[in-house]
Amino acid sequence: MMTHQTTALTNEDFDISGIVQALRDVRLTSLEHRHRKNKPPKLPSRKVLQNVVDGLSAALFPNRLGAPGLKEEGVDYYVGFTLDSALRELNSQIQLELRYSADTDHDKTPSVEAALNKARAFAQTLPKIRQLIDTDLNAAFEGDPAARSLDEVLVCYPGITAIIHYRLAHELHTLGLPLIARIISELAHSATGIDIHPGATIGEGFFIDHGTGVVIGETAVIGHHVRLYQAVTLGAKRFPTDEHGHLIKGSARHPILEDDVVIYAGATVLGRITIGARSVIGGNVWLTRSVPPDSQITQAQSQASIQATAT
Amino acid sequence: MMTHQTTALTNEDFDISGIVQALRDVRLTSLEHRHRKNKPPKLPSRKVLQNVVDGLSAALFPNRLGAPGLKEEGVDYYVGFTLDSALRELNSQIQLELRYSADTDHDKTPSVEAALNKARAFAQTLPKIRQLIDTDLNAAFEGDPAARSLDEVLVCYPGITAIIHYRLAHELHTLGLPLIARIISELAHSATGIDIHPGATIGEGFFIDHGTGVVIGETAVIGHHVRLYQAVTLGAKRFPTDEHGHLIKGSARHPILEDDVVIYAGATVLGRITIGARSVIGGNVWLTRSVPPDSQITQAQSQASIQATAT
Amino acid sequence: MMTHQTTALTNEDFDISGIVQALRDVRLTSLEHRHRKNKPPKLPSRKVLQNVVDGLSAALFPNRLGAPGLKEEGVDYYVGFTLDSALRELNSQIQLELRYSADTDHDKTPSVEAALNKARAFAQTLPKIRQLIDTDLNAAFEGDPAARSLDEVLVCYPGITAIIHYRLAHELHTLGLPLIARIISELAHSATGIDIHPGATIGEGFFIDHGTGVVIGETAVIGHHVRLYQAVTLGAKRFPTDEHGHLIKGSARHPILEDDVVIYAGATVLGRITIGARSVIGGNVWLTRSVPPDSQITQAQSQASIQATAT
Amino acid sequence: MMTHQTTALTNEDFDISGIVQALRDVRLTSLEHRHRKNKPPKLPSRKVLQNVVDGLSAALFPNRLGAPGLKEEGVDYYVGFTLDSALRELNSQIQLELRYSADTDHDKTPSVEAALNKARAFAQTLPKIRQLIDTDLNAAFEGDPAARSLDEVLVCYPGITAIIHYRLAHELHTLGLPLIARIISELAHSATGIDIHPGATIGEGFFIDHGTGVVIGETAVIGHHVRLYQAVTLGAKRFPTDEHGHLIKGSARHPILEDDVVIYAGATVLGRITIGARSVIGGNVWLTRSVPPDSQITQAQSQASIQATAT
Amino acid sequence: MMTHQTTALTNEDFDISGIVQALRDVRLTSLEHRHRKNKPPKLPSRKVLQNVVDGLSAALFPNRLGAPGLKEEGVDYYVGFTLDSALRELNSQIQLELRYSADTDHDKTPSVEAALNKARAFAQTLPKIRQLIDTDLNAAFEGDPAARSLDEVLVCYPGITAIIHYRLAHELHTLGLPLIARIISELAHSATGIDIHPGATIGEGFFIDHGTGVVIGETAVIGHHVRLYQAVTLGAKRFPTDEHGHLIKGSARHPILEDDVVIYAGATVLGRITIGARSVIGGNVWLTRSVPPDSQITQAQSQASIQATAT
Amino acid sequence: MMTHQTTALTNEDFDISGIVQALRDVRLTSLEHRHRKNKPPKLPSRKVLQNVVDGLSAALFPNRLGAPGLKEEGVDYYVGFTLDSALRELNSQIQLELRYSADTDHDKTPSVEAALNKARAFAQTLPKIRQLIDTDLNAAFEGDPAARSLDEVLVCYPGITAIIHYRLAHELHTLGLPLIARIISELAHSATGIDIHPGATIGEGFFIDHGTGVVIGETAVIGHHVRLYQAVTLGAKRFPTDEHGHLIKGSARHPILEDDVVIYAGATVLGRITIGARSVIGGNVWLTRSVPPDSQITQAQSQASIQATAT
C-alpha cells in the first residue's frame, strides 16, 4: 500500500499525489467518452519523422543537405547508408500508422508486409521526387532575380523547404498514409509558415516566394510553373454543405490553377474554380470565380465585382 | 596588469580587446540611461520555460505528448515524476520573475513562499486545464472534416499547440506572472505563427485552423465554441488615447466574441466591439463596429460600409 | 567488384542499391545541366551561422542573451571569449562564401586575407550595432504600453529577434557577403515569421509588433523611429521590367519610409514610392503611390483611390 | 549497375570500395567458419545495459544516485518511473539474450513471456539487493577509518560501485542470463578495475578497498563481512583438467572464504581451498592450500611453505 | 486515493507499485538506523566536479587541455572565462560540502562567505599548481626515453592525468574539503587506475609510469623527483591499533620517500618508514622497514630479510 | 584600455584577472624554457581519435560493434560510409601529427600528400587487421571455458578491446605515427587497465584474460597463440644504460615470447630474454633470464633461483 498521499501536506509540497489523481480521473473520463478503451496504440512520432525527412533530404541532396565535404568515392556509400537508415525508421512509423488506423477503424491488425510494401513503394519514387525538386529549384532560380545559384536557393529559400516536405508527404499521402503525411506537412509549416496539405496536386517548377502565411488546401490542383507569394490562400469556400446541411467531405473544393499562373501576396482564391493558364492574380485580391487563361486580376477589379455582388 | 592589449595587432588579430572595451562602454552607457545600476537581476529563461511547458504537456497527456508506450501501471509514476520536475523548475522561474519585478518596482525582495504559493496555486489548476483542452480537441475534431481522431488533432494541429501554451500561460498571467506567461506565449508564436496574448479570456472548445498570422490581443474576450482561421486579427483600434493624448494602458480595447462565432481567414476585427453569438465573419473582412447575434458579414458588406464612411 | 546489387531482392529489401544508382543518375544529370562539373565548393552552413549569431548576440548582450548570472569581474572575459569564438567561426564561413562565389563567377581562388579583412571589418561594427539595437529596444518599450522593461522586450519580442538578425546581416551584406547575410535573415524568418532582406536600409528606433508575415524588400529605405505591425509588406510592384521585357535587377524598387511613419497590420506598400514623415498607414491598406508627410491613410481612402483607378 | 568502383583512383581516394569488398570477404569467410549463416541475432547492448544499471541504481538510492534535491512527496514517483523505464529496457535486453542463446543452441525461438518472467522475477529481488548493499555500505564505513558518512562511501568508493554492479549481475546470472550479467560486470570492471564474476557467491557486508586489480572467479564463495584490498586474486589453480587432459568446466574451482576473512593487497588465493573464518591473509601472499579459522598468514610464512615445496 | 495498486496484476505488469513500496520501506529503515532524519543534504556531484576539473585543466593549459587553435589575442579571454565558470561551479560544490558536513556534525549552517573564502583561497593557488605540474611534466619527459615532447606527455600519459587531479585535490583537501577532494581523486582513479589520496604530500617533479594499480596513502610524504612504476603501493601496515585494540585514525602511518627515490613495478612499501634519498626499490619488493639513502633493494634482498624474520 | 582589473576587489570577486595574469606569466615562462616560441602547433585530439577507433571498429565488425540490426543489403553502405568518415578524420589527425613533429624537429612543413599516403597505406591494412582479430577472438573463445560464442567474446572481453586498439595502433606506429598510436593505446589503457605499447610485435591468436595491470613494452616480441593473465608485466630491466651511463633508447630491451607461451597472473618478465615455445610461467613469478621451450616455471623455482643469486 502506498501511504504517503494520506500524509498531511508540508509547507514545501505541491500536492503532487492529489494532482496526479485528479489528472488520472480526467484522463479516464476522456478515454471513456472517446474510444472506451484503456490503451490507445502508439502514434507516429513527430521527432522520428523529422529525422526521416532529414535523412531523405540528405539522400536526395547529399552535398548540400547531407554531409558537406564528401569526396566523390564516398557519396554513394553515404547515400546508401542514409537511405537505409531513413527507410527503416520510416518503415517503423508506417507500422505505427497502419496499426493505429486499424485500431480506429476496428480492423484487424495489419501485417508487417503491408508496411514494408508501402515503404518500398515510397522508396521507388525518390528519384522522381528528386527530379521534380530540381524543376522547383530552377523555377526559384529563374523567378527570383536575386538568386545567384541553385545551391543558394536550395539552402536559403523557405519555399524550397516547404516544397521538399510537400513532395515527400504527397507520395506518402497517396500511398494511404495520411497521418504521417500530415505530420511531415506540419514540420514544414512550423519551420516556414507555409501550410501545404499533402493531398494537393502540384506540377513541376513550383515556386513560393517569402511564403509566410501561404495555405494550400487538400484538393487544390496546381499546374506546371506556378508561382505564389506570401499569404496566398488556396482555400475552400465557406459553406461546402450538402442538401442536408452536412459538411461535404473529400469532395473537390479547392481551386485549380493551370500552368504558368502567378498569384501575388495576400490574394485569397476560394472554391473549386479554375484560374486559366498564364493568369496573374494581383496582391490582396479576393477571388471566388473562375477566370479565363491570360487574365490579369487586380484588387480593383475584384473589388468591383464584389461591389456588384454587394449591391 | 594585463598587457597584451597594448601589443601592436598582428595580421591575424580581430582586435578582440578593442571591441570588448567598446562593447563595455556601450553597455555601461546603456545601463546608465536606464536603471543606473550595475547588476540587473536574472530573468526567467526561455529555454527552461520550454522544458516546463514540455513537462506539463507530458503530464497532461502522458501517452501522446509524454512517453509513448507507457504501460498502465507506469502512467501515474510518470505523471507524478514529470509534474514534480516541471513544477520545481517552474517554481525557480517564478522566483526569478518575482525578484525581477520587485527590483524593477523598487519593492523589497519577495519571499520564497510567495513563489511557492503561486506555483502551488498554478498546479491546482492543471486538471481544469486538461478538461478545457479536451473541449478544444473536440472542437477541432468536429470542426475539421479531415480529422480522423482526437489523437491526430493533438499531435498534428498547430492550433492545438498554441492553445495548450495559451491555457497554461493564461493561468500564470492571472496569478500575476506576466513575464513568464509572455515568454510561454512567444514559444508558441515562434512554433506556430499564432500570437495569443496570455491576458485574453477564451472559453471552451476553441479552434484555430491553419493559424499562421493569428493575433489575439490582451483584453479580447472569446466565448465558447469559437472558431478562427489563419491571419485573423483581434486587435485594438488605432488610437486608444485619453484626452491628454496619452496611450491608455490596460483598458478593455479588444473585441468580445460571443459563443459560436466563426471568423474566416484574414479578417481583421478591431476595438472593443461585440460580435454577437453565432455570427460568421467572412474572409478578409475589416470590422470595427459591433454586430448583432447571427450576423453574416462578408467582405462586400464591410466594404460597402467602409465606402459609406469613406464618402 | 561489388556484387551484391546483382543478387535477387529478398523479401526484406528496399532495393537500396537500385535507388542509390537512380539517385546518382539524376544527380549527375542535374550537375551536367548546371555547372558541368563534379565538385561544387562547400556552402556556408546554416547551423554554424546560427551558432555565430548566438555568439554575437551573447557578446552584445552578455547578461540577457549570454550567460545569466555573470559576475561583473567575469563579463569582459565572457564577451572576449564568446566574440573570439564567434568571429573565428564567422571567418571560416566567409572563406566558404568567397570561395563559392569565386567558383560561380569563374574567378581565381580568393585569398585567406580577403576573408579575414571582411571578418575584421565586420567585427569593428559591433559596438555601433549594439547602439542601434539599443534604440530599437527603446522604441519597442515606448511603443508598446504592455512592455514593463527593456529586458522583457529583449527576451520576449520576436520583432527584436528579427531586428538583431537584420542588423548583423545588413553589415555582412554591405561587406559583400550576400549569401551569409541571406542565411542569417532566413534564420530569423523561420523563428519569427518576419522576413527582412539584409539589403534593406533601416534607421534607428525601428519597431515591429507581433510581426508574423512582415516582408521588407531589398531596396526598401526606412527612416528613424518607424513602426510596423504584423503582415505588412514593403514590396516591389508587379512588373519591374525594362523596355525589352527583362526583369530589372538591383534597381531601387521598394518603398521609402521617412521618419516616424507607422504602418498598421496587413498593409501592403508597393513600388519605389515615398511615405512622407509622420504618416500613418491604416490596417489592410493597399498603397502604390507616394503620400506627403503627415498623411493618414485608411483602407477606405485607399479603396476609393483604387475605385477611381478601376473605372 | 554501380560503376564508380571501376573508375581509376584519383589522387584523393582511399580506395573505399576496394576495402569494403575486402572486408566483406573476410566477414563472410569468418561467418562461414563459424555459424555458417548470414544473420546472427542481435546481442544485448553494453550502452543500454549501462542505462539499465544507472536506472536501477537510481531507484535503489534515489537521493544519492538518482535525482539530487528530490522532495519527499516526489521520491516514490521518481522511483516508480525510473524503475518502470529501467525494467522495460532490461526486458528488451533479456529478449535479446534469450533469442541469441536459443539461436546459438539451435533451440526454438523463446516466448516473449519467458523474458517477461525473468524481468519480473529480477524486479522482485531489488528490495533484497538494497538491503544487502546497505550492509556493504556499513562494512565500508566501519572498515575505513577515513570514511565520515555512509553517503560519502556510496558516492566515492569504487568498491561500492563494483559491488552494486555485482549484486545486480548476480541475480541476473542466477536467472539464467549469463551474457547480460557478464556485460554488467565488465561495465564495473572498466570503471573500477575490479573484476567480479557474476557467478560468485558473496555474503553480507562485503568491502573492497582501493580495488584496482581485484579478480574474483566464477565459483568463489565469500561469507559475511569479508574484506579485500587491491590486486587480490581469488582464482582457479593452473591446471583444472580431467584425466583426459580436458579443461573441467563449471566445477567448483575457486576459493571459499568463510566469515570475517581479511585479505591484504596483492595476495593470490588459488583453487578450491577454504580460508577459515576470521583469518587474515597478508599482502602479496601466494596461497594454494586451505587454512584453518583464525589463521594469520604473512608472506614469509607462505614463502616458507613454498620453499619446502620447491626443494 | 490512488487505487491502481490494489488492482490485480495483469500479465504485463512488473508490480511496480509493490516494489516501490518495498524499496521505500528499506529506505526508511536504513535512514532510521543512520541519521534518524528524513532529508539528508545534497552531496557534491561527481559529474559537476568532473566539469570543474576539466575547466581548471583548461585554464591551466589552455592550448593543450582547453580549446585547440586559440590565437594569442584570445587566450586570456578563454582562460578568464573558463576559470570564472569553473570557480563558480566549484563554489557551489563547496557550499554543498560545508552544509553536508555541518549537518553530519550537527553544526550550524555554514555561511555563504565560508564557501567563497575557500574557493577564493583555492583559486590563488592555481599558478603555483601550474608550476608544480610543469616540474612533473619535465620529470616524465626526462624519465621516459620514449617521450618526444612535453606536449605528448601532457596529452598521453595517465600518470600526468592522475597528478593533475592530485595537485588540485590536495589543495582542496588542505582547505578542509575532504569530500570534494576525494571525489576528484576517484575521478582520476577510475580513468587511470592510479589511486592517490588527496591528503598525501608530494614534492616537485613526480613521475608515475604506466601507473595501473598504484596506491598512495593519506599520510605518505614524497620528496622531490620521485619516480614510481605501475602497481606500487605506499600503504599502511596491517594493524595500526592502539592499546585498546581500536584503529588509530589520522596518525602518520604511510611511508616517507626522500628525494630522488625510484620504486619499480609491483613493490609494496608499508608503514611509517623512511626510504632514504636516491634509493632504488626493485620490482615486487615487499618492504616494511626504513632503508638509508642510496640503498638499492631487490626482491632477493627483501625476501632474504623476510626469510630471516620467518625462521 | 581594459580598466576593470584596477578596480578594488568586491566581496564577491575571485580576482579572476589577477589569476589570469599569473597563469599567463607561468605559461610564458614555461614556453621560454622549452621551445622558445609562442604558438605550438595543434596536437592530434584524444576525442577525435576515439571517434576514429569507434568508426574503424564499426567498419571491421559492422553487426557487433557498429549498427545493430543492419539488413544484408545495407551492410556495405554502412561499412563504406563509416570507413570514409573515419579515414577522413584520421587523415586530418595524421596531418596534425606530421606538422607537429616537423615543428619539433625543425623540419619543413610536411605536404598534404604525405598524410594522405599514410592514411591510404593504413586503410589497406584493415582487412588484414580484421583477420588477425578473428584469430584473437578464436583464441579467447578456446582459451576461456566460460565463453559461449565469439560474439560474447567480442562484446564483453576487455582483452579484446585492448587488442583491437593495439592492432590498429601498431599499424599506425609502423607507418611513423607514434603519437597517434600512443594516444590510441592510452584510450584502451584507460578503458581496460591493459597497457600495450603500439611498438610491440604480437602474433596471431593473442589472448589476455581479466587484464587489469598488464604492461607490454615497446620492443616486446610475442609469437602466435600466447596467453597472458592480469597484472603480467613484460618490461625492461632496470638499468639499460650504455658505457657512459646514458639510457639506451630504442634498443631491444623487452622479452621475446615464443609461440604458445602462457603467463599467469602477476608474473613479471624483464629484459631481452626469450621464453621458449610452449612454456608456462606461473603466477607472481619474477623472471629475468631466458628459459628453454616447454619450461614450467613456478614461483618457488624462481624464488629459489633468486635465493641463489641473493646469497
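Going by the order they are written in, the chains are A, B, C, D, E and F; count residues from 1 in each one.
Simple rule for what comes next: contacts are C-beta pairs under 8 Å (C-beta built on N, C-alpha and C of every residue); 3 or more make two chains touch, one makes a residue touch a chain.
Everything numeric in this text was worked out from a predicted model, so none of it was measured.
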Both-way neighbours, i.e. chains that touch chain F and touch chain B: A, C, D, E
Of B-C and A-F, whichever chain pair has more C-beta contact pairs: B-C
Duplicate of the B-D contact set - from A-F, E-F or A-D, the pair where over half of the pairs recur: A-F
Intercentroid distance (Cα basis), chain E paired with chain C, Å: 53
Interchain centroid distance [CA atoms averaged], chain A/chain E, Å: 58
Where chain A and chain C are represented by their mean Cα positions, the distance between them in whole Å: 25
Shared-contact residues (touching 2 or more other chains) in chain F: 2, 12-17, 20, 69, 71-74, 76-77, 79-80, 83-84, 193, 212-213, 231, 266, 284, 303
Sites on chain E touched by chain C in the complex: 67, 69-71, 73-74, 76-85, 88
Chain E partner contacts - residues on chain F that touch it in the complex: 11-17, 19-20, 22-27, 30, 34, 38-40, 42-43, 45-46, 100-101, 104, 178-179, 182-183, 186, 189-190, 193, 195, 212-213, 215, 218, 231, 233, 235, 238, 247-250, 266, 268, 270, 284, 286, 303, 306-307, 309-311
Residue numbers on chain F that touch chain C, as the complex places them: 2, 4, 9-10, 12-17, 20, 71-74, 76-77
In the complex with chain C, residue positions of chain A that touch it: 59-60, 62-64, 68-69, 72, 75-76, 79-80, 83-84, 87, 113, 116, 119-120, 123-124, 126-127, 130-131, 134, 145-146, 148-152, 155-158, 191-193, 210, 212-213, 230-231, 264-266, 280, 282-284, 298-301, 303-304
